[in-house]
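Labels run A, B, C and D following the written order; every chain starts at residue 1.
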Amino acid sequence: MSFMERFVSSWRKFRTPGYYDEFDYAWGMTIDLDRCTGCKACVTACQAENNIPIVGEKALARGREMQWIRIERYWEGEYPNVRLRFIPLLCQHCDAAPCETVCPVSATYHNQDGLNVQLYNRCIGTRSCAVYCPYEVRYFNYYDHHWDAPLEQQLNPDVTVREKGVMEKCTFCVQRIRQAKDHAKDDGQRRIKDGEVQPACVQTCPTEALVFGDRNDPESEVSKSMHDPRAYRVLGELNTLPSVVYLKKVDADAG
Amino acid sequence: MSKVDRREFLKLVGAGGVGAGAGFMLAESLKHPTEFLIPYPVPPEEFSPGIATWYNSVCGMCPAGCGISVRTREGRAKKIEGNPSHPVNQGRLCALGQAGLQVLYNPDRVTAPMLQHGDRGSDAFIQTTWEDGLSSVAEHLATARDSGIYFLSQGVRGHLAMLLELFMGELGSEHLLHHDFAHPHSLYAANSRLFGEDHLPYYDIRNTRYLLSFGADYLNNWLSPVHHSLGFGHSRQGNGATRGRFVQIEPKMSISGVAADEWVPARPGTEGILALGLAHRIVAGSAYAGDDVDDWAAALAPYTADRVAEQSGVPAETIARLADEFAGAEPGLAIGGGAAGDHTNGVDTLVAVNALNYLAGNIGKPGGVVFNPGPVTGGPANKRQANYQAMQDLAENALRGEIDVLIVNNTNPLFTLPRAAGLSEALEAIPLVVSLSSFVDETTAMADVILPSHTYLESWGDDMPQPGVGFSVGAISQPVVSPLYNTRATGDIILGLAGKLGLNQALPWTSMEDCLKDGWRQIFTRGSAETENFDAFWRDVLVSGVWGENRRRTDAIVIDKRVIDDIGVAEPEFSGERDEYPFILHPYLSTAMYDGRGANLPWMQELPDPMSSIVYGSWVEINPTSAGEMGLEDGDLVRITSEHGSIEAPVLIFPAIMPDVVAMPIGQGHDALGRYARNRGANPIQILAPITASASGSLAASATRVSVSATGRRAAPVKTGGVSRQLGRDIVRSTGGDATPDGHDARLNSIPIKVKSV
Amino acid sequence: MQAEERKLQFADVNDDVVRSLVVTGRNYYIALAIAVLVTLSCFFFPWFYQLYYGIGAAGNNHPAVWGTYLASFIFWIGLSHSGTLLSCVLHITNSEWRKAMYRSAEAMTLFSLMVAATMVMVHVGRPWFIHWAAPYPNQMELWPNFRSPLLFDVMAIATYLTGSSIFIYMGSIPDFAAVRDRTTGWRHHMYVLLSLGWRGTDTEWHRLGWAYTFLAVLIIPLAVSVHSIVSWDFAMSIVPGLHQTIFAPYFVVGAIYSGTAGIVTVMYVLRKYMNFEQYITKLHFDNLGKLLIVLSLIWTYINVLELFTGWYSGTSTEYEQLKYKLFGFYAPLYWEMILFCAALPLLMISRRIRTSFFPMLLISVAINIGMYTERFLIVATTQSRQYLPDAWGVYIPSLVEISIIVGSLALFTTLFLIFVKIVPSVSIYEVKETMATPKPEKGGSEWQATH
Amino acid sequence: MSVSIVPTLRVLLPAARIALVGLLGLIAGFFANAAFFPGTSPEQPIAFSHRIHADENEIPCLYCHVQARRSISAGVPSVNKCMGCHNEVATDSPQIRLLTNYWETKEPIPWIKVHDLPDFVHFTHKRHVAADIECQTCHGPVETMDVVSREAPVKMGLCLACHKEEEVEHGTDCWTCHK
């Protein structure tokens, strides 16, 4: 295919609404807020899996935290009728992602697996994607981070260590998906089975609040729970069509 | 064109030369740096480059004893995950467990045996060999009086515990102490009083429909948080129609309080009274129909709703409602612990909570309290646990010069005991202090000899989780990486000492691995394993990382009449006068650092506290109204003073805490333990009063009154969060109890998620 | 004033202008030295430090990832605006008074565009890969993202830069020739090259006039589009406070506003320190003053509109945004902006102020300070208050950033100082056009300077 | 007064000449370095010859680089694998003595990487071997080399060309090869 043909074809593809119906896999996640206890196991799991740097107290004091998945907290009411809500926020891998349109070098785009790709080695650090993202889940490398020896021996060889001036964010643990695909191929070119691949956060969640899978597979856990009556999307009114769906918390006393 | 003269020519040559040089260097600078391919002289069996190998082991970060499986690449541990086949955590793991890697790779580890060459605490350690280190300690042990040898270990189980027993037994010393700050002494005492058992029952949260928790932060750090979380999740949404209801009774909202459907603030120390109030209602309301009902009625007579309401500050109607809901729940479960047990009346409180279970008929059935079989093998878990009384005796004996040698194993009493215990002075009086710790923590800094032990990821060991899960479980902890430094497993150090002292008859093993295999032969001979020979069995256990046998207890429990008769909870006593010290200090184990052992892990330091999103430092939580009265704002540095000292911490205005209580997380405030922990925050344990729960002798950690005074300075803690109010933006949505669909369906987006035929 | 009465002659024009190029006083060298020094120490040194250390040298954080660099970028683009635009408009409406000032105005355009481009380099995290934003075939078979407003921006600015540089160059060819004929040595040779062998024949004059007008017409829409596109960098996001249809006109007006004020400043300086009293007169300040008032009114109007979008929106996001802008952390800056850009300019209603030079200088400088603040607020306030309250944060510029702002001013000054010594900063021939041709019978020595 | 450009050019010529020569020098220097010191064939601790092993003795690549079949990295043979043959074969040649020396001291051999990919590239030998891609496609005719040198430019262009030609599934998606 000549460049022009390819350009035209992909243009057509990306012009049609809901083009992601043609996804090979459409990875998605549901988060059950009624199960989530805010224990932050997912946060550390993510840190360990994805070589997320230890930014240090000074940087944190300047608001330069790095958590691909973070847990936001929202108080309601006053003492004694007070309650706290937790909500884990990670890259929503929106099917209509604002960040993808703005990157001048296409360092972030949507791939055939329904993933919102962040390409570290293409990023030039305009940081516009972070501004455009309404979920605030993109984190920027303000420095070249270093690990006090021998902490660097923990780094995951399947994930690159980002250099300064690069944007980074949750990848749905693409290295694990890659691995699973690899196994599936060896196993007679089959597709990935449901539950065969789990991001670090889903894998470790002690209350099993997080479910991950292929939205295209009607039988998968995630498709089922996406059709739960409690399902909703954070900031759904912006119509960014996130791949991450939340299940409402249940207020037993709200009736 | 003008012809080139000589000067011109020279210029040209110069220009050309410079250009060429520049070009050359440019090309040179663009070259890739040299990298090497280092082959193994002999390739190891287990792994090959580029392919991950997984080892199953046991988590050593807290006493819960979860099973872990560690991912290694090229012989280096890369990631810790839960072991799916381990019944306690079933593949899940908490944040602290994940951070175990940073214990292994911590830059501040002790890399070799050390001898203190200055005065104690001068940190003038000089490296030595194992040979010298061991023999010098062995000499002292040989010359010391038998009763003068003390061994203070962290709470260990399985064969390491047994090994310590044997070792100390051979040395003829009774003074083997396990010390964990968070060990639930009162809970053990309460259980043995009511049920006559010295090990904990299994609280079946998974199948319960109604959980009544008296101060137990069961989702965060009480007993076995990960297992409880699994149960919680399942009880909430895993059961189809019926959704478990969770009620949390505590003065300061904990993680479990957040997760609960109802948070009931009760005055500190009155949880037991409240429990008896519920019991009174149950008995009076004839929801209980046992034949000993009259005894109960008599015993519970004084705990009328009004009196209990008056004492606990919980409205009478709430008490009535809770009692009826609890009695009506099929099945229900009441658990008590944490702060509720850390009062002068702690044991009575927990007895009362168990009584509640008994009266509601939750004993010995799914969704209630299930009894564990006794430990399969290894040393006794609880009886060696040193309560505060024992630790204080240790200090006094030391001052009386009765201690010749103190061996400390991976526990840090100088941090986890109040300053009032006088332990630091006591250590001064001990001629030889040996530490087996992997880090220079506060206690190790005071040692004369450091014989650094492996981290749990480098050493052999085994564990029988306490509390069990209703049936016998054992797990092997195997080295997942070859040791990073010149350290040794605790067991091997003990065996080494034994060898030097000629105790080989009693401790015949050459290494901890032998000792384990020997022990596990017995387990193999229990016959529940269907493998043919021991080696196969051993291999299986190593592969799966866990062993269990499906023998459950079915014995019914009868409670002695005398126990029923003297059931009752006294008013809690506090140290300090109310008018001088208006607040009750409520210290709690922080999510990230547990009892302070997590403070040297950068991941844990950078893990925002779930409720406050504060990192790197400690804070004190104050109710908005009382803060308003004192004119305090977020970030004001205040001085918290008890009768036994004072600390400083910034204020955090916290909506979910009782007005006369101030809460502080435990974990920060180290003055040792390496670069990440040192000189950061304050340690509330330091100022606790040395009063104990009368019946168990354990420290009444929540029974200290304090005064809070502004210092005029500000020290706003570092937070990752912004404004934690929704401002009507409907970010975290919730639905009514019956979870009916109300139009907010993920499918109802402008572009529906179509489904591709697979 | 004295200069007004003096009878101006063709010869004087040439002399004055050439003098301004050839004769260089000590003050000039001192000024240049200072400018260069400040540029090096306050712009390039901190920038290289930032390149080595990472964007962490700036005060940005999560969520406020954009900072003063971007604000400066818009500021300079804005400043660039009236130069060429104004000159074009006035050329087409051939208003006489333009002719003395447009050269310097266009130069301002050119240099502020250059500075703006460098601000982009300073802003991005990995400027060594900035070329990836340009479409060129490569072995990676990768192209820039043509959907990205940032890419539109790059294109627009490049076009505008090209356009206005051709425009200014073409306009000054005859002057180069004039200077060429009056200079010797290396200057002569330089102007030989620059003047492209201009002879001054009628055909040449004709073609020049034609092409010049053509370009002028071409550049006007271009200039307008450039700043609209710059505004899209923000308006195309869904960030509350940025996602607004008014932004394109808002930016264009703001740009012309600050640009015009910039011209006033520059003209004051030229007039004072290069003795162009005869050419840059009260008339110019008067007219520009009127223009400024109009612009300030439009600008104020749009700002008021903004308040209403927030107030009437009824959504928490927009409303909080507005509250934060008016009373939040950055509120003092906001009110400072209102004072400088909305209140102060109204003084120019009085003719006495318009026609007195120093007050005009003060006002024009004040306006540009205010306009810089506006750009900073657009970037800072909106990012600090987005959709998720628990991710809110505050951004405070770091020392490095502030020094780079100062440095960029110095950079601009340096470029301008060099410019005035190479290009006649007052258009010789057009000034002459404004004067009557000599009457033959009077022997060509006496005539009246007509304005 | 002249409007002619000629005198000016005459003045400028020398400067122009110098600039030109300087530029030429720059280019020459750059390519001289690239040509004569490419750094693509570094000197190895042992002068191992792939020609002798792979060509003359026809040992298949995967015999030594056994990892390539099942791992992302092909790996280098362990020292004892070399010794497996060189206990008997050519034990007296000086290079082999070096080898035995490493073997006896149980030291690893510090081979220098010739084909090296950046950290952000995910390349798995396994998949490419499974797809029956000749090692030579990327590594060049190694079997003809006494000193291995990087012949084929292992750059993104090479990968893409092949991925397109063979129409690899999602072969041009960035996340297929970048991590």
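We adopt the following convention: a residue touches a chain if its C-beta (ideal position, glycine included) is under 8 Å from a C-beta of that chain, and two chains touch if they have at least 3 such contacts.
Just so you know, these numbers come straight off a predicted model, no measurement behind them.
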Higher-contact pair (C-beta pairs counted), B-D versus C-D: B-D
Cα-centroid distance, chain C relative to chain D, in whole angstrom: 52
Between chain C and chain B, distance of the C-alpha-averaged centres to the nearest whole Å: 63
Chain centre separation in whole Å, for chain C relative to chain A (CA means): 43
Where chain C touches two or more other chains at once, by residue number: 141, 387-391, 393
Multi-partner residues of chain D (each touching 2 or more other chains): none
Residues of chain A engaged with two or more neighbouring chains: 63, 65, 72-74, 109, 122, 235
Chain contact graph, described as a line, ring, star, complete graph or other shape: complete
Chain A-touching residues of chain D, taken from the complex the two chains share: 118-120, 122, 124, 126-127, 130, 170, 173-175, 178-179
Residues of chain C touching chain B in the complex: 316-317, 320, 387-393
Chain C residues touching chain A - in the complex, by the definition given at the top: 53-56, 59-66, 123-127, 129-130, 132-133, 141-145, 147-151, 154, 233, 236-239, 383, 386-391, 393-395
Complex contact set, residues of chain A against chain D: 24, 109, 111-113, 115, 117, 119-122, 158-161, 174-175, 178, 182, 185-186
Residues of chain B that touch chain A when the two form their complex: 73-74, 76-82, 89, 91-99, 101-102, 105-107, 219-220, 225-226, 229-230, 232-234, 236-238, 243, 245, 253, 255-256, 258-259, 261-263, 265, 484, 591-592, 602-608, 610-611, 613, 615-616, 623-625, 655-657, 659, 675, 718, 720-721, 724-726, 731-742, 744-747, 749-756, 758
